[in-house]
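Look at the two complexes coming up: chain A is in both, with chain B in one and chain C in the other.
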Partner chain A sequence: MSATAARAAAPARRGARFDPRGLVLPLLALIVWQLWALTLPHDSPAPSPARVIATFIELVRSGDLPSALAMSLGRVIAGFATGLATGVTVGVLMGAFRPVRRVLEPIIESFRPVAPMAILPIAILWFGTGTPAAVSIVGYAAFFPLLVNTVHGVSRVDRKLVQAARTMGVSRPRILAKVVLPAAMPSIMLGARLGMSVAWTAIIAAELAVGSKSGGGNSGGIGSMMFVFYAYSVDLNGIVVCMIVVGVVALLIDQLFRAAEARLLPWRQ
Partner chain B sequence: MEKTQTGAKPASRDGDGPANAAPQRPGLPAMLLEIPGVVPALSFAGFVALWWAGAAWNGNSIQLPTPPEVFGALVSLARDGELFTNAGLSLSRLIVSMSIAVLIAVPLGFWMGLSETLRRYVDPTIELLRPISGIAWIPLALFIFGVGGVLPVFIMTYVAFFPLVMNTFAGVRGADPKLVAAARTMGVGRLRITARVVLPSALPTIMVGVRLALAGAWSAIIAAELIGAPTGLGFAIEWYRELLASPKVFAYVGVIAGVGYLADLALQWLQRRLTPWTVGGGLS
Partner chain C sequence: MQAVENAKLRLKDVTKTFIAPRTLKPTVAVSDVTLDIMRGEFVCIVGPSGCGKSTVLNMIAGLEAPSDGTIFMDDRPISGPSAERGVMFQDYALFPWLTVQDNIGFGLRNGTPGHSLSAGEIKDRIEAHIDLVRLRGSEAKYPHQLSGGMRQRVALARLLANGPDVLLMDEPLGALDAQTRLILQSELLRIWGETSPTAQRKTAIFITHDIEEAVFLADRVVVMSRHPGRVRALLDIDLPRPRNEHVRTTQRFGELSEEIWQLIRDEALEAIA
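For the complex of A and B:
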């Protein structure tokens, strides 16, 4: 059951030389798409690259897109912080104390295959259709990669280091803070990066589903913006703009966490 | 491309945690705890007890039904066959989309691994699409395919594609060049080298990709069915939420977990059959 943990490792090919051959396919797709769109009647809702760009500019200018994005990001950060706090705490306890791990592991393992989206109906029952429901979904989604990787990191800490610290009379809390946590840090950072990318996917899903299933209530956020474009204003260009923004944000988040890893864990390079 | 399975396993039986002191004195209770299955059973009992206590304290069976209510709902859903219809539909969508994804992604990843030219052309496009999650495709796909069975299959195929292609590529690239060179000096043809040398050495990594793809697809199907399908587990769970039939919602959550877990078990079995030499090698 290494699914969440092993999603790791996106290719780290940054810094490779720029190769124009890579542009051929995307450009070709764009050209074909635009040409195809030109053959359609003028009032067709079908998206085209030119209209997508126009819609993007319009959405940014009207402030709709930035505010939806801010809403979604705020929820992701709140949910991620919840997942981080609980995931790392439980993870350290499980990694450091074997009895805790033996007791909690079966329960954690049986919740792991429950997709965050399956929790959504329950979250709506408990918290209604607003921000708390979305935040709890994100927290749930981020929890598992963080937990699994923290447990992994903590239980792999070199025992000699711990014993050395103990023979020198270092107290347990200090060992945890000064020996165990730094040694487990690479794993925890990996968990954080995975958790954040799952969280970003989850917020879009949650907002989409809340939009589509709660009588069309617009709860704000980029996912619900997409749903409004789908269900009410039938604006496919808007949907494509949102998709691209979602992708770009995912990429930026990933880069941010990689940069943080490089800064915080320079010895790993 | 860095190998696609870092940080794999939560490393189950690799010795005690660092701060673990107190060697257990073998009393009778401690010995009972050493029997396999006792501790999990106890922790499940504790979990159910906590849940029950919470439900009793809450007293609102719409918010938090009690364990017997959920169990009863599960039994009645199973009895009238609805559970198996929905689970079967979701599972068959999962199998269809996994098959499509494997048929597209594995040959593509293989080819990319063998041909640097192709990789240069295709890889940036994959990297451009990959950050756009399958979920974000749902509204557009709803528009194209409408509400129905095609939408979840499309979304899941998309989600499953990326781990498959990347792991296949990594596996092919990871094939030992010495083995390939040895085969070539012995005059083995290119096709045979691919089939007999490269494929077996890439297979473990590909299988890891299959399991990742399955986990991703299974989590995406719930979203896809919940939003855009009139049948399936994701639909059912939301349907009963709207009817405020919470015991059935909770029962379906359990079913979703169960089916996902069983599908992964099946893949683990397949993994052991196809690549028995990796068992215990830390690849899973």
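For the complex of A and C:
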């Protein structure tokens, strides 16, 4: 009986279980790629798995990759935190109070289709090419998914639960904190996960673009490192290393959020 | 005159019409209900599905305003919900993110019922109510991990733990097995104050589909009818208190049950046809 229960519970923990079958295709691609690279002349600049690995080791040993990664991650965390704080606060107010929603909705809806990259020129003019510009773009990108999902979660709270709390003499502010917010939590968590993934996309794009603007890629971060490989050393292996690192970090962040979700929302089936 | 003075709750010409949002088509859920409920009285409401029982309860709770007429408590019109009138909802309204024990303690920790209690007293009350509804061993589970009957008992425990003066219960035992149901009927009479003088009893309104349950519990049974929802009859249940299982075998118990059954039979048959 407990065995069937465990089996039934397993698919519910999405992403928590590792399925080795997912590795088959990537491994196959790697093998084909390496075999193809072996047919090339020895001094060809074309990337191959072996050269990519060598470049990766070199970049880690020199400390360039870790420091670039740390810089990008720091910006993402700062920007995401800003987007989280503003997105959830404004979202709760809009979801819970109709007049607030009426006033803010037109402004927000008109900004929402404006891609984070489109505000880059303004960000650079205001903040220069360093961290503040990058953080503000990340914050802008993370804000919308958080806001939209918070509003959705708050405005869809089961009315019966609010009524139940009112018949127990719970005050309005406390209902907001103890009923509305927890009820909206799954939606807010979803918004956070989406916000984080666009934040990571935005930081790379922003650093790339800032690099091209300032002509020296001096903004730092992994996007700027890619720009240097592209514009100056024309090192395809380096670019591929950066692409893979960006992809793996995105995957790890997503896993982290899923794990946090499972811990924070144990009551979801 | 005497009766009016003792009335805890007075429903005066209460009508509730729901207007459908898009079509604007009105539905008369409750029509012209006038009813006095005495302080310390246990009233059961029976009637076919859709006759407006839950609507009446929600209006007494202060969650819905009557379209017409007024409801008074202690001679003051009811204008909104209050912890004096505790509600157990037909669909339980448990908080899915809280465990059984935290659901039971929600009102004590966040609402007026717990204001004069210390943390230790609140804990004791929660524990006592877990035992009362026989949920020991499941206190750390979430609602989605419980059976329907267990959820219903959590909702009942949450209501009783808050200790309201007026108990409004919407089919509170409907999902339970026969034995648990009988046990909780007796417990409910004890908590209501069956062995205390009338002045110290709580006021209880209890909706049920089970006629024998209504006869066993009530001082008075309200029989409602449909289309529109009205009070069809009021029956005094003149069985002696305190009541025990033996009362179910008496002739009077059978007569009263039969009388109520006669009153709702036609409509019940109509509903099946």
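The working rule: the second predicted complex is superposed on the first by the 240 of 269 C-alpha atoms of A that agree within 3 Å, B and C clash if a C-alpha of one lies under 4 Å from a C-alpha of the other, contacts with A are read in each partner's own complex, and residues count from 1 in each chain.
Here is the rule we go by: contacts are C-beta pairs under 8 Å (C-beta built on N, C-alpha and C of every residue); 3 or more make two chains touch, one makes a residue touch a chain.
What you see is a predicted model; the values in this text were computed from it and never measured.
Would you sort A:266 into first (chain B), second (chain C), both or neither based on which partner it touches?
Once the two structures are laid over each other on A, A:266 reaches chain C alone.
In the superposed arrangement, which partner chain does A:107 touch: chain B (first), chain C (second), both, or neither?
first
Tell me which touches more residues of chain A here: chain C or chain B.
B
Using the superposition on chain A as set up above, list the residues of chain A that contact both chain B and chain C.
In chain A, residues 158, 161, 179 are touched by chain B and also by chain C.
Provide the residue numbers of chain A that touch chain B in the complex, in ascending order.
So the residues of chain A in touch with chain B come to 1-13, 19, 21-26, 29, 95-98, 101-107, 110-111, 113-122, 124-126, 148-149, 151-152, 154-159, 161-162, 172, 175-176, 179-180, 187, 190-191, 200-201, 204-205, 208-209, 212-213, 223, 226-227, 229-230, 236, 239-240, 242-244, 246-248, 250-251, 254.
What does chain B use to touch chain A in their complex?
My answer: residues 1-11, 14-20, 39-40, 42-44, 46-47, 62-63, 117, 120-125, 127-133, 135-140, 142-143, 163, 166, 208, 211-212, 214-216, 218-220, 222-223, 226-227, 234, 237-238, 240-242, 244, 246, 249-250, 252-253, 256-258, 260-261, 264, 284.
So in the complex, the part of chain A that touches chain C is made up of which residues?
Within the complex, chain A contacts chain C at residues 158, 160-161, 163-170, 174, 178-179, 182-183, 185, 265-267, 269.
Considering only the defined contacts, which chain C positions touch chain A in the complex?
Per the stated touch rule, the residues are 61-63, 80-83, 85-87, 89, 91, 93, 95-98, 106-107, 110-113, 142-144, 162.
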